[in-house]
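Structure first, commentary second.
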Amino acid sequence: MQHATPRRAPSKVYSSATAALADLTSGIRLMSGGFGLCGIPENSIDALATMPIDNLTVISNNVGNSGRGLAKLLQRRQIRHAICTYVGGNPDLEQQILQGEITVELVPQGTFSERIRAAGLGIRAFYTPTGVGTVVAEGKEVRMFDKPCVLELPLEADVAIIKAQRGDTYGNVWFQEAARNFSPLMAMAARTTIVEVEELVPLGAIPAEDVHLPGIFVQRIYQGSHYRNEIEILKVQGITP
Amino acid sequence: MQHATPRRAPSKVYSSATAALADLTSGIRLMSGGFGLCGIPENSIDALATMPIDNLTVISNNVGNSGRGLAKLLQRRQIRHAICTYVGGNPDLEQQILQGEITVELVPQGTFSERIRAAGLGIRAFYTPTGVGTVVAEGKEVRMFDKPCVLELPLEADVAIIKAQRGDTYGNVWFQEAARNFSPLMAMAARTTIVEVEELVPLGAIPAEDVHLPGIFVQRIYQGSHYRNEIEILKVQGITP
Amino acid sequence: MMTPWNKEEMLSHIIDMFHPGCSVNLGIGLPTAILDVLDQRQRLLPDEEPLDIFIQSENGVLGVAGRPTPDTASATLINAGKETISIRAGASFFDSALSFGMIRGGHIDFCILGGMEVDADGSLANWIVPGQKITGMGGAMDLVHGARHVVVVMTHFTKSGDAKLKARCTLPLTGMHCVHTVVTDMGIFVPGDGRFRIKQLAPGVTLADLNIPIDLLVRED
Amino acid sequence: MMTPWNKEEMLSHIIDMFHPGCSVNLGIGLPTAILDVLDQRQRLLPDEEPLDIFIQSENGVLGVAGRPTPDTASATLINAGKETISIRAGASFFDSALSFGMIRGGHIDFCILGGMEVDADGSLANWIVPGQKITGMGGAMDLVHGARHVVVVMTHFTKSGDAKLKARCTLPLTGMHCVHTVVTDMGIFVPGDGRFRIKQLAPGVTLADLNIPIDLLVRED
């Protein structure tokens, strides 16, 4: 009787963004977590902006804001197609749309989230009331349930770049406050998920009940640095409407 | 200009299972959390077993096990129809099926979970590969995606009874270890969700990031007592196959 | 002499709809200013118990409270308008699929949105004007399907003086047959079945002031 | 003289398929005994580094480890067979929708199930025998759709001596065209396209011993 030699799993831990993203190529479908500038993968975006790759299809709620985040890739003309929910407050994107340098596919945000989840969790299609009677439903099957619903398909990617506060060496991840948003869903929907964390912690340091994203969905992880964590719109007490 | 008088929300906290379940009536669709005996709502089941209600449709992974859990309701002939995934190890149920006292609808466990989630989260139907070519697909639409898939519909309930380790006065809930299973999904899918907890904690005592079930899905909560937390099959180290 | 409501009065009428314990989603722009009105009331009436509600923000927060202080503002604690917020005791965070499921699944009591047009069948247009800059629908198309009570708040008239309450929307729709209540500076209206039922009018406002075809109007106030 | 494999040998052949870092779901019954085989190896070879894998249990656990001690056994820490388990460092807990999504979405490398029949097109029957006691399919129908590698482990022959590897399943199916590998006490087989490719045979086993029509068999060992 033969026994496999027990061995340790290959490490998922990379030394830097550059190392973790080294094999990314032009033309891939890339998901990027974050809502506005909240929870965006800053280090991975910065690394991409130094790499000779373009023709990207980017799937992200916003494609950067006010020259920041993914707008860095826009400025370097690395994105050819964007699937997103909101393009306001993004002059780089507006300009490239007008100049025909980029095509944009707008998806309602709830449908966007659910399509990404469906891709990650093996649901082949679902019916939702969102978008019936609007441009979103054009060309799609509409079926009557308690109300008319549109058939929506999964939204998957080759690579997802996401950011979290904490992650362990298996890729178990914990997000701070509202920085979670689309990130765990995108991790599920991409073939290769690259997570950057502010704190890389030992295996098992995140309580098993409170893992927000199990490491099975994560292929690579690295501890990032120099996080700016920019506040997009600062509103504080005492300003009346 | 008139102002509404600011007021406190009506409390969701009940003093006991009896108080929390007092208005339940015969004939309702009742979801019950738990996997086997793990994470079952012991106090709510015990209360139901003293109430003069019957003709229940029960939606639960198992309908009790070995005379325990929901089997108490079986023994009192309170259940007329069961929607579940596994009926093994449940002599009460087997007997009542054979005697035609109860009808049972078997659903694959992943489809069961996803149908309950769909009901809770407003997805009107979804396509899954599970069950194609089996008795589960009979009479259902099958459509080809990357592989053939069955169209499945939401599974909802009037009332859900679930149990958790910890909950606060708004109904935010935290589950211990593997006791989570179907419970958060059922809380979403029922019009009235009644949670029993081992520890009722002050509002906000569960860290906001680590709430497993937001209180918006919970209508009633009480601190239970005398938990048995029975181990169904004890397996310990040193027993070889 | 008519006295249309100002913005704070319009928002106060919406706040008056809220029951203690209810859940509310506040759309970007004017609806979000409800936060500030609630803040302001609290400052003016510090001894009064605050209205005990749970405000949801679709980026994954339930339990949004007032604005933070400059010291407590956090880059990871924002609302769907990307503005810094604070949270109340009992708040929770979750991912976007659960957040929109909470909306789509009918668990939110009130969803408050801005509008460009609402028609007499309760359809809403508020996301795009053909030929003008595109911003994207964000969560608006999802928000109008699911909340138990969808409230649109907007000024009554366009800059050219047309009423935004119409027999039929002329702009591309955000959602069909989805609006329960419209609050404008002129009054409160319930659309449906080809009519606007008038629940309340601002002081001194007459039917003629509304600039809505009279056969679309039903008085109930 | 043929020497069919015993249960531990069958399970060891499955363990040999696992690569370090892989994820594995163990079905109820014989597959779950893989836990015990791993435990036993660890006790026999305490200095050897344990195989670094993540075992998933569809009731919502990733990172199942060996059995607990009588002191550490917990009513809330069980596998899908409702048996007490322990967890390894890096484990996580989640709800059943995510658990089955993890399976359905193709994130589990190996799913090991028991079987009653597997046919030459890779269809599996393992949940019901008409006329006998019904237990329910539990998660079996979901498990066979999604895992990257679906392995069925079963004795080769029924009590009456028929092979459980058939041209076509006669029992009601658990899943169509879903099995990648079958491990029996007689050998290891890869079904598909109307054939069983033979990857390995137990010591001394000949094709004639298999009791499978010869035109269904392709030698590859």
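The letters A, B, C and D name the chains in turn, as written, and every chain counts its residues from 1.
The rule we apply is simple: a contact is a pair of C-beta atoms (placed from the backbone, for glycine too) under 8 Å apart; a residue touches a chain by one contact, two chains touch by 3 or more.
All figures in this text were calculated on a predicted structure; none of them were measured in a lab.
Visitor: Common contacts of chain A and chain C?
Guide: Expected: B.
Visitor: Counting C-beta pairs in contact, which comes out ahead: B-D or B-C?
Guide: B-D
Visitor: Compute the distance, rounded to whole Å, between the mean C-alpha positions of chain B and chain C.
Guide: 35
Visitor: Can you give the whole-Å distance between the Cα centres of chain C and chain D?
Guide: Centre-to-centre distance between chain C and chain D: 54 Å.
Visitor: Averaged over CA atoms, how far is the centre of chain A from the centre of chain B? Could you give it in whole Å?
Guide: 33
Visitor: With chain centres defined as C-alpha means, what is the inter-centre distance between chain B and chain D in Å?
Guide: Here the centre of chain D sits 29 Å away from the centre of chain B.
Visitor: Quick one: which residues in chain D touch 2 or more of the other chains?
Guide: In chain D, the residues touching two or more other chains are 93-94, 97, 100-101, 103-104, 145-146.
Visitor: If a residue has to touch 2 or more other chains to count, which residues of chain A qualify?
Guide: Correct list: 114, 117, 122-123, 128-129, 175-177, 180, 208-209, 212.
Visitor: What is the complete set of touching chain pairs?
Guide: A-B, A-C, A-D, B-C, B-D
Visitor: Show which residues of chain B lie in contact with chain A when the two form their complex.
Guide: So the residues of chain B in touch with chain A come to 114, 118, 122-129, 143, 145-146, 149, 174-177, 180, 208-210, 212.
Visitor: Sort out for me which residues of chain C touch chain B in the complex.
Guide: Per the touch definition, chain C meets chain B at residues 9, 12, 15-16, 18, 20-23, 41, 45, 48-54, 56, 62-63, 87-94, 97-98, 100-108, 145-146.
Visitor: Help me check something: in the complex, which residues belonging to chain C touch chain A?
Guide: For this pair, the touching residues of chain C are 7-8, 11, 33, 36-37, 39-40, 57-61, 66-70, 73-78, 80-85, 93-97, 99-101, 103-104, 123, 133-143, 145-146, 172-177.
Visitor: Mind listing the chain A positions that touch chain D in their complex?
Guide: Result: residues 1-4, 6-10, 117, 119-123, 168-170, 172, 188, 202-204, 208-209, 211, 214-217 of chain A touch chain D.
Visitor: Taking the touch rule as given, give the residues of chain A at its contact with chain C in the complex, in rising order.
Guide: 35-39, 61, 65, 84-88, 94, 97, 106, 108-114, 116-117, 128-136, 147, 165, 175-185, 212, 229-241
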